[in-house]
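Please find the structures below.
You will see two complexes here that share subunit A, one where it goes with subunit B and one where it goes with subunit C.
Moving on, here comes the complex of A and B:
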C-alpha cells in the first residue's frame, strides 16, 4: 500500500519541475498571453471588413449575447489557448522528454505512471490561473466591468473543465508514447477544437452534425458557460445542467484517457518504442 | 536467490524497412536465450561490440522493455509482474548525457529524482551533498545542466543512478566520453559500491575497464552469451596461443587473408586507425608463438606493408573476444 507521502512527494517534485521548466523559457510564457489578444484582433478586423459599419450589431444578433464582442472573443480565444497549452504540455511534453532522453528516466522510477501525468496536469492549473487573470479577467475588467462578479464562477467552470481536458491530454500522451508523432496530431486537434467549440462565435451557427462533435468536446461547454457567467449569473443558472455534463466528462474522460495511455505504454514496452524517436 | 537473475531471456523486435508505402517488416533478434545472475556484492561485466544486445539486456532488467520470452528477477521481484517493486531496488544509468533535465541545475535534477525514488528529504539533501562533492560537482551544483560539459553531465548521471542506494545498480557504459581522470574516479566509486554490498551490472566496450572492475564477465555477441567467467579465467583460454601485435601502414585485406593461411595461426584481426594511409594494428593469435614471426613478416613485407612495430602482447579480454568470434570488438 502506497503511503500518502510516497504519493505527494513525487507529485510535488513533478509539479515543481514542470513550473521551473516553463518559467525558464520566458518567451513561451509571453507567447501564451499575447496570442489570444492577436487572435481576437484578427477576428475583429475580419468581422469589420465583412460586416462593415454594422459588424458589431450583426455580431450581437447572431450570438444572442449582450457581451462586448471583444470580451466574447477573448473568453473564447483564452480558453482555446489554455486547452492548447494543456494538450500540448501533457502530450507533447512527453514527446519532448522522449527526445531528450528523460522520459525513460521517469519511467524507471518506482512511481505510478498516473502520478507523472497528474503532476504535469497540476502544474497546468497554475499557468491556467495566470492565463485566466492575464487574458480573461483583464479584458472583462477593462471592457465589461459589470461582468466582474461572474468572473469567480467563470474561473470555477474553467477549473471543472480542466478535468476532462486532462483526460484528452492523457490520450495525446499515449499516442505520443506509441506513435511518436504528436505534433501533427495535436496541431490538427487544436485547430479542429477552435472550429467546433465556438471559440469565435456561438456554436449555433454550425451545422447540426458538427454540433454533435461540439457537444463531446468539453471546451464547448466551458466557453459557453464562462460567457454566460460574465454576461449574467442568472443566465448561467439557466444553463446549470451543462455543469453536470462537464462534471461527468471530468470523471469519464480522465478514466478513458488513462486506460488508453496504459494500453499504448504496454505496446511501447513490447516494441521498445519508449527510447525511440 | 541472487539480486539479479536472468533466465533464458529473448527479445525480438519488428523493424520497418524500405520507402514510405512500401515498408516491409523485418524481425530482429536482439537477445537469444540469455541467462546469467549477479551475486550480492559482485560486479558483473557485460562485454560486447555495439549492437550485441548489452543495452537491450539492461533495458529489460530495468523494466523499460518487455521480454519476448524468459524471466528476469531483481531482488526476487519479477520485472514483468512486479515492475514497480523491482524499480525501487534498481539504480540505473543509461548511456549518454541526455538523461537529465538541461533546464534544471545539477542539484535540482538530483532533488527531483530523489523524490521520485521516495527518498526522505533531509536524507536526500545529505546524500546529494556527499555525492556531488565525491564526483567534483559541488561547486557547479547550482548551474543549469545545459552549461555543463559532457563529462560533468555523465558524472551527474552516474550520481543519479547511485543516489538512492539501490541494492542493484545497472550501469550502461558509465565512463563513455569521460576524460581519464573522471573515468578513474567513477571506477573507484564503483569499486566502493561493491564493497558496500551493491550488486552491479556493468556494460562496457572498454576492455581494460571490464578487466579491472568485473568479478565475472559475460561476453555477448549477436544477442547470445558466448562465454562467462572471471576475466582471469577467460584470458587463460587464450594463453595456449600467443598474441602478436603488428603496427603497420598499407594494411590490406588480401594480406590479412594470406597471414590467416599460415598453418600455426589461429586468428587474425586487423583494425585500421587511419583510412588514408591504411595505418593500423594486425592482431595475430599463433600456437607456435615467436617462431611464426619471421614467416609472417616476410608475407607482410612482400605484400607492401610497412611495419613500424612488432610486439608479443599479454592476452586481454579483447583477445578473448577475437578467439571466440574471429572479430575485434570494434568491428
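Moving on, here comes the complex of A and C:
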C-alpha cells in the first residue's frame, strides 16, 4: 500500500522536470506567445484588404458576434496554440524519452506510468495559464475591456476543456507508441483541428458534415463558450448546455484515451517495440 | 561537368530515398498544406459578404487571390526548410564532418537537395490545386503561362540563393527553428503575399519594397490571376520583371559567395559540427 506522499513525490519530480525543460529554451516559449498575435494580425490584414470599408460589418454579420474582431480571433488562436502545445507535449512525451534514452529507465522505475502522463499534463496547466494571461487577457483588457468580468468564466471553461484535451493527448501518445512518427501526426492533426474548431471564424460557416466532426472536438466548445463569456455572461448562461457536454467529454475522453494508450503500450511491451523508433 | 552532374545526381537520389523513407511525413505534408489554406481562406471569407466580390479583389475570387500567395509561400518555404535546414540536418545526423572530408562540393549536395524539393513542391502544388478545386468548386486560372513560368524561374533562383544564405547562417546560430519561423513570418507579413502592400503603413511599405521577394510574389499573382482579374503590379510590369530578374540573380550570387565564405570560416574555427 503506497502512501499519498509516495505518490506525490514522483508526480512532483515529473512536474518540476517538465517545467525546467519548457523554460530551458526561452526563445521557443516567447514564440508561443507571439504566434497568436501574428496569425490574428495576418487574418485581420487579409480580411480588411478583401472586405474593404465594410469589412468589420461583414465580419460581425458572418460570425454573429459583437466582439472586437481582433479579440474574437485572439480567443480562437490562443486556444488553438494552447491545444497544439498540450497535444504535442503529451503526444510526443514518450518519443522524447526514447530519443533521450530515458524511456526504459522510466518504465523500470517503481512508479505508475499514469503518473508520468499526469505530471506532464499538470505542467501544461502552468503554461496554459500563462498563455491565457499573455494572449487572451491582454487582448481583452486592451480592446474589449467591457468583457473583463467574463474572463474568469472564460478561464474556467479553458480549464474544463483541458481535461478532454489530455484525453486526446493520451490517444496521440498511444498512436506514437504504435506508429512511431509523432511529429508528422501531431502536426497534421493540430492544423486540421484549427480548421474544424472555428479558430478564425464561426463553425456555422462549415458544411454540415464537418460540423459533426467539430462537435466531437472539445476545443470547438471551448472557443465558442469563451467568446460568449467575454461578449456577455448572459449569452453564456443561454449556452450552459455546451458546458455540460464539455464536462462529459472531460470524464469520457481521458478514460478512453488512457485505455487506448494502455492497449498500445501492452502490445508494444509484448512485441518489444517500446524503445524502437 | 560530368563529375558535377554525377555529384548532383547522387545527392538527389540520396535525398529522394530519405524522403520516401518517412511516408508519414509525406502524408502529413499532403494533409497539412491544404488545411492551412482552408483555415485562412475560410477565415478571410468571413470578412466579405457571402457570394460577393469586393473592389479590392476586382473580379478575381478570394480563392484565386490566396491560392497564388499560398503557392509562393510553399516555394519560399523550401529555401528555409529544404535548403537552409540542410546543414543542421547533417549536423544532427552526425554526417557533416564526413561530407566535409569527401572530395565533393557542398554546393552540389545542396543542388541535389534543391532538385528533390523542386519536384516534391510541384507535386504538392498540383495536388493542392486539384483538391481545393474539388472542395471549393473553383478552378485555378493562369492568365499568362509564359510570364508565370518566367516568374517561377526567377523565384526558384532567388529561393536557392536565399537557401544558401540560410544554410550558411546555420553554421553561426544555434536557434535554427526560431530564426526560420521568424523569417517566414516576416516574409508573409512584409512581402504582400496574402494582401496588397497598399494596406501597410508608409514606413513598413518602404521596408517591403526593399525586399526582393515582394516583387516576385506580386509578379506571380499578376501573371497568374492577370490584369483582366483586376490584379495590378507595384511598378510598371516590364520594369518590375527586370528588377525581379536582377534581384534574383543577385541573391543567388550573394548566397553562393556567402555560403562558401562561411563554410571556409567554419572549417578554420573547427565549428562545422557544432550545434
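As a working rule, the second predicted complex is superposed on the first by the 277 of 277 C-alpha atoms of A that agree within 3 Å, B and C clash if a C-alpha of one lies under 4 Å from a C-alpha of the other, contacts with A are read in each partner's own complex, and residues count from 1 in each chain.
Operating definition for what follows: contacts are C-beta pairs under 8 Å (C-beta built on N, C-alpha and C of every residue); 3 or more make two chains touch, one makes a residue touch a chain.
Computed from a predicted model, the values in this text were never measured in an experiment.
On the superposed subunit A, the two partners subunit B and subunit C both fit, without a clash. Contact with subunit B, but none with subunit C, is seen for A:100 once the two complexes are overlaid on the shared chain.
In the superposed model, A:10 makes contact with subunit B only, not with subunit C. Of the two partner chains, subunit C is the only one that A:38 touches; subunit B does not reach it. Greater residue coverage of subunit A by touch, when subunit B is weighed against subunit C, goes to C.
Contacts of A:110 after superposition: subunit B is touched, whereas subunit C is not reached.
With subunit A as the corner point and C-alpha centres for all three chains, the angle toward subunit B and subunit C works out to 80 degrees, nearest 10.
When the two complexes are overlaid on their common chain A, residue A:146 makes contact with neither subunit B nor subunit C. By the touch criterion defined above, A:271 reaches subunit B but does not reach subunit C. Within the superposed three-chain model, A:199 lies in touch with subunit C and out of touch with subunit B [touch as defined at top].
The superposed arrangement places subunit B and subunit C with a least CA-CA distance of 7 Å. Residues 25 of subunit A lie at the contact with subunit B in one complex and at the contact with subunit C in the other.
Interface of subunit A with subunit C (complex): residues 25, 27-28, 31, 38, 41-43, 45-52, 54-55, 58-59, 61-63, 73, 179, 181, 184-185, 187-188, 191-192, 194-195, 199-202, 205-206. Interface residues of subunit B facing subunit A in the complex, by the touch rule stated above, are 13-14, 56, 59, 62-66, 84-85, 87-88, 90, 92, 94, 96, 98-104, 108, 111-113, 115-118, 121, 144, 160. Those residues of subunit A whose C-beta lies close enough to touch subunit B in the complex are 5-6, 9-10, 12-14, 16-17, 20-21, 24-25, 100-102, 104-112, 266, 269-272, 274-275. Within the complex, the subunit C residues that touch subunit A are 22, 24-25, 27-28, 31-32, 35-36, 38-40, 42-50, 54-57, 62, 65-66, 175, 177-178, 181, 185, 188-189, 194-196, 199.
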